[in-house]
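For reference, the structures are reproduced in the following blocks.
Both of the next two complexes hold subunit A, though its partner changes from subunit B to subunit C.
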Partner chain A sequence: MAADPILLPGDYLDPKVLPSHPSKALKLGPGLLHIPPNSIVSTVAGRLCTDNKKNAVWVEYNSGRYIPVVDDLVIATIHHSATDFYYASISDYSSNAILPNLSFEGASRKSRPQLAPGALVYARITLANKHMDLELECVSASTGKSDGLGPLTGGMVFSVSLAMARRLMLPKPGEQGQLVLLEELGAAGASFEIAVGRNGRVWVDSKSVKSTLAIGNMIQRTDQEGWMVEKQRIMAKRMAKEIS
Partner chain B sequence: MAISAEPTVVLSHLHHTDGSATFSQDGYTVIGAVNGPIEVSRRDELPEEAVVEVTVRPAAGVGGTRERHLESILQATLRQVIFIHNFPRRLIQITLQVTSTPDNDSVGSKIVQASVNLPILPSLLQTSVLTLLSASIPLAMTLTSILLAVTPDGILRSPTIKEIQGANSVHVLAFSSHGELLVAESDGIFTMDVWDDVHTVARRICCVETSANDSMQEDGLEEKAGGIMTFVKSVLQEKVNQDLNWKK
Partner chain C sequence: MPRELGPSLNERQFFLQALKEEVRIDSRGFGDFRAIQLDFGDEYGVSDVRIGKTRVLTNITAEVTTPFPDRPFDGPFTITTSLSAMASPSFSGPPSETEVLLARLLEKTLRRSGALDTESLCLIAGRAVFSIRADVHVLSHDGNLTDAACLGVVAALRHFRRGDSEVKGEDVKVFTMAEREGVALSLLHYPLCVTFSFYEGEVVLVDATLSEEQMREGSCTIGMNKHGEVCQIAKLGGAPVDAVILLSCSNLALRHVERMSKVMEERLLEDAKRRYKGGIKAEPSSENARVP
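The block that comes next holds the complex of A and B.
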């Protein structure tokens, strides 16, 4: 099992591959299911990953549709508004999530952001329960600060695969995800703003429509064509020259 | 046997679906697409589990009774495979379009409208499981299935249309990756002893993981060597490696 880390649904994990930590409890990540008393089964096809420091084990895979998890950051589209809530769409053909009117930084009954249908918000998932509607917030409940969340004005949204969205959100995308595109673009003098949602959406804004489109397309092509570090560097330099 | 029994698969090739696969085997080609978990209409929703909707479209014309029968078998099977309790009040929609069927020049290939169409069932089952795997919808297990015909000469794997017409009985069996029997559909006249033999052979082909030149060739039945499970595994290994080429 250790030599063949590809898992298929229904494969039992060999206890030998699990990390062991003297004090921390074992954490099961996405794609794994615990069947009491002591078997762990994979539910998707993917590669097994373990982290001995965190005593965590999970399955890394690329999937089709985003399944919401609490504390994920997503880019949602406002669908319509009711008296106290906005209804926002996280992914196509899924039921809407609710975003309370007052969960924005500094929002009160008198002053709160007016969002038209189609507006974009960068939000955090606060409730993801399979039996209940999804709930979002654009403000940290404990500090009252937005921490970068809130309405996204201008720019464009691009769809990427869920694995690409995760890669873009890694703390060190260059080292952990072989992704140097954005750093190279920045280093080559392109200026832009970016927000990545775990639901496979990337929002890009820059000084002109041309450069926004160019950057968005590069992110999508990196994802679809599987550009490695070298290719990303070359394309980023070429692109930065064209748009600046 | 003119038609190659070597199965082929293309995974995740449709862009506007959550998962897709094209699977060809024994002259049948099926394109499968899955969307889910998505919103379900109020009328159909189940409060505790996901609705699994299967649509089978034939290669020519519109679906009829035969397709509805296949859909009901597929739907009941896939409800066992998918973790439907993870997605209450959601819909998992699977569409299977048959694009080619083996035609036979020596025998009239027109099939009576009302008769069951078991020979296509293994391809449909395999395609639907591969589409679900492509979409990474949580599954309890994977599944492999096989068509066997019992003829006066013995049990045949992947029979041609002519062999099926001359057979005493035709059987479709599907096994989960844990080796449990999931589907057993039969057509024709047979005894329980014959069915037991069929079950033993099918189980060996579906469940045993083999390398190409393993002991499978013994009795000449499995000359097209290799368990189906091995094939599914190698296809997914390729997909996962491609998806995660960025991960060291």
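The block that comes next holds the complex of A and C.
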């Protein structure tokens, strides 16, 4: 990770850092622009990340505004309901997303979850086009299972930066994102539920108000104060002792 | 037009449950302020107040104008507030209710309590007076704008120096800072605001953050100076509040006003020390420094 180069807007990518895959075409992710015939320029300031298996390259950077992408998991707030849809909002000052009434696990015309305005749902984005309303779902279309998606009851929502939300959702946050906080908390005996939305929102629930707040504040401080792995370990242990 | 999302149902329930257990979301006490940071600019009359993530910049300017015909001895003192979209996207467009209320509250606290001695701004009766203008810019909005803005304006007024002036017959000459040392404004007292937020009829919070403000049932702003003289109480709508609670609020307000006044005094003193170049001894002289 330390070897990842830092890019500034307008920097040309060195062809040597690009992943080479025998068969797959190179995939450019966020923050990179292809200038034909064969140069790649970064459009933002950030850290260059590469994935050799997927033959992908992208720039990891922290931005203010969440731009929806298909298959992202987000925490949405129900705004109002219509006959067949809920209208849900995933970020301030953006148009509402559509969440069909029937896209919940086991939902039918007769039985479907009743959500009041202001309720939270953990949902997956199924359609994200520039000039169209977003579409969400809380059930996997192929299996019919919820896979953990659906209405979130109780708990508290904390806002974090978009980069932190991505780090929390990495498959191996410890190795890939220098984030061991949650694992350490779990190992130290703190029990809690957590749902991370790519739109920079983290939902936390635990047995008491105090522990929920402590966990949420710790995630926010890790983000804002840039705690390193060692500091995260120490703080997690200290807090787990306090709340258990 | 999509607007700012209020707190969700989960957040409301959690917040109220936390209040029952006497915990605030940012783990402060109910009667505690966030950390206050007060800075002054390089020029006189610029103050920068930070309360938590709320940030307010105030700039004081003076110019010579003709007074209003019905008040020939008074220099006009105006306070303008600007809530730009930089502070929060909800502020774009025409002046919102928040902006109007903020300006009104500042006027009520500072102008109507006679904090600034406007008669001292008179140069020639009916002909020339200094007009003082305070521009309040909200740079970042995380609740409790009133208290921050009020502290900012008072600190900036105390920090401000207007150009020295000389009246010869009908002519008024205002000297620049390079020609003559500036003159401080004559302030009669230093009123500050403390805002209280009410929840569930019983719970009173001081210095609410933005999300706490969005969830409150009512609020009340008390303006007073450090001697405990109440200048104004603004309770604009919202849930009814018991009179006894209001009394205890004003006692708490005094404690906070005393503390804020102390911070302001200390910071003004530090700034004055920073600007002090050694007085008359440091003035340029014709003597040769090498010869004793």
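To be clear about the criterion, the second predicted complex is superposed on the first by the 229 of 244 C-alpha atoms of A that agree within 3 Å, B and C clash if a C-alpha of one lies under 4 Å from a C-alpha of the other, contacts with A are read in each partner's own complex, and residues count from 1 in each chain.
In the analysis below, a residue touches a chain if its C-beta (ideal position, glycine included) is under 8 Å from a C-beta of that chain, and two chains touch if they have at least 3 such contacts.
Small disclaimer: the values here were computed from a predicted structure and weren't measured.
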Between subunit B and subunit C, whom does A:Tyr93 touch in the aligned arrangement: first, second, both, or neither? both
So in the superposed three-chain picture, is A:Val44 touching just subunit B, just subunit C, both, or none of them (first/second/both/neither)? first
So, does A:Gly64 touch the first partner subunit B, the second partner subunit C, both, or neither? first
For A:Pro171, select first, second, both or neither according to whether it touches subunit B, subunit C, the two together, or no partner. neither
Figure out whether A:Pro22 sits in contact with subunit B (first) or subunit C (second), or with both, or with neither. neither
Which of the two partners, first being subunit B and second being subunit C, lies in contact with A:Leu179: first, second, both, or neither? first
Contact breadth on subunit A, by residue count: subunit C or subunit B: B
Where subunit A meets both subunit C and subunit B, residue numbers: 93-95
Complex contacts: residues of subunit C adjacent to subunit A: 2-14, 17-18, 21, 23, 25-27, 89
So in the complex, which bits of subunit A are touching subunit C? 77, 89, 91-96, 116-120, 152-157, 203, 209-210, 212-213, 217
Contacts from subunit B onto subunit A in the complex sit at residues 17-19, 34-39, 83, 86-89, 133-142, 176-178, 232-233, 236-237, 239-240, 242-248
Provide the residue numbers of subunit A that touch subunit B in the complex, in ascending order. 6, 8-11, 31, 33, 43-47, 49, 60-65, 67, 93-95, 130-131, 163, 167, 177-179, 226, 228
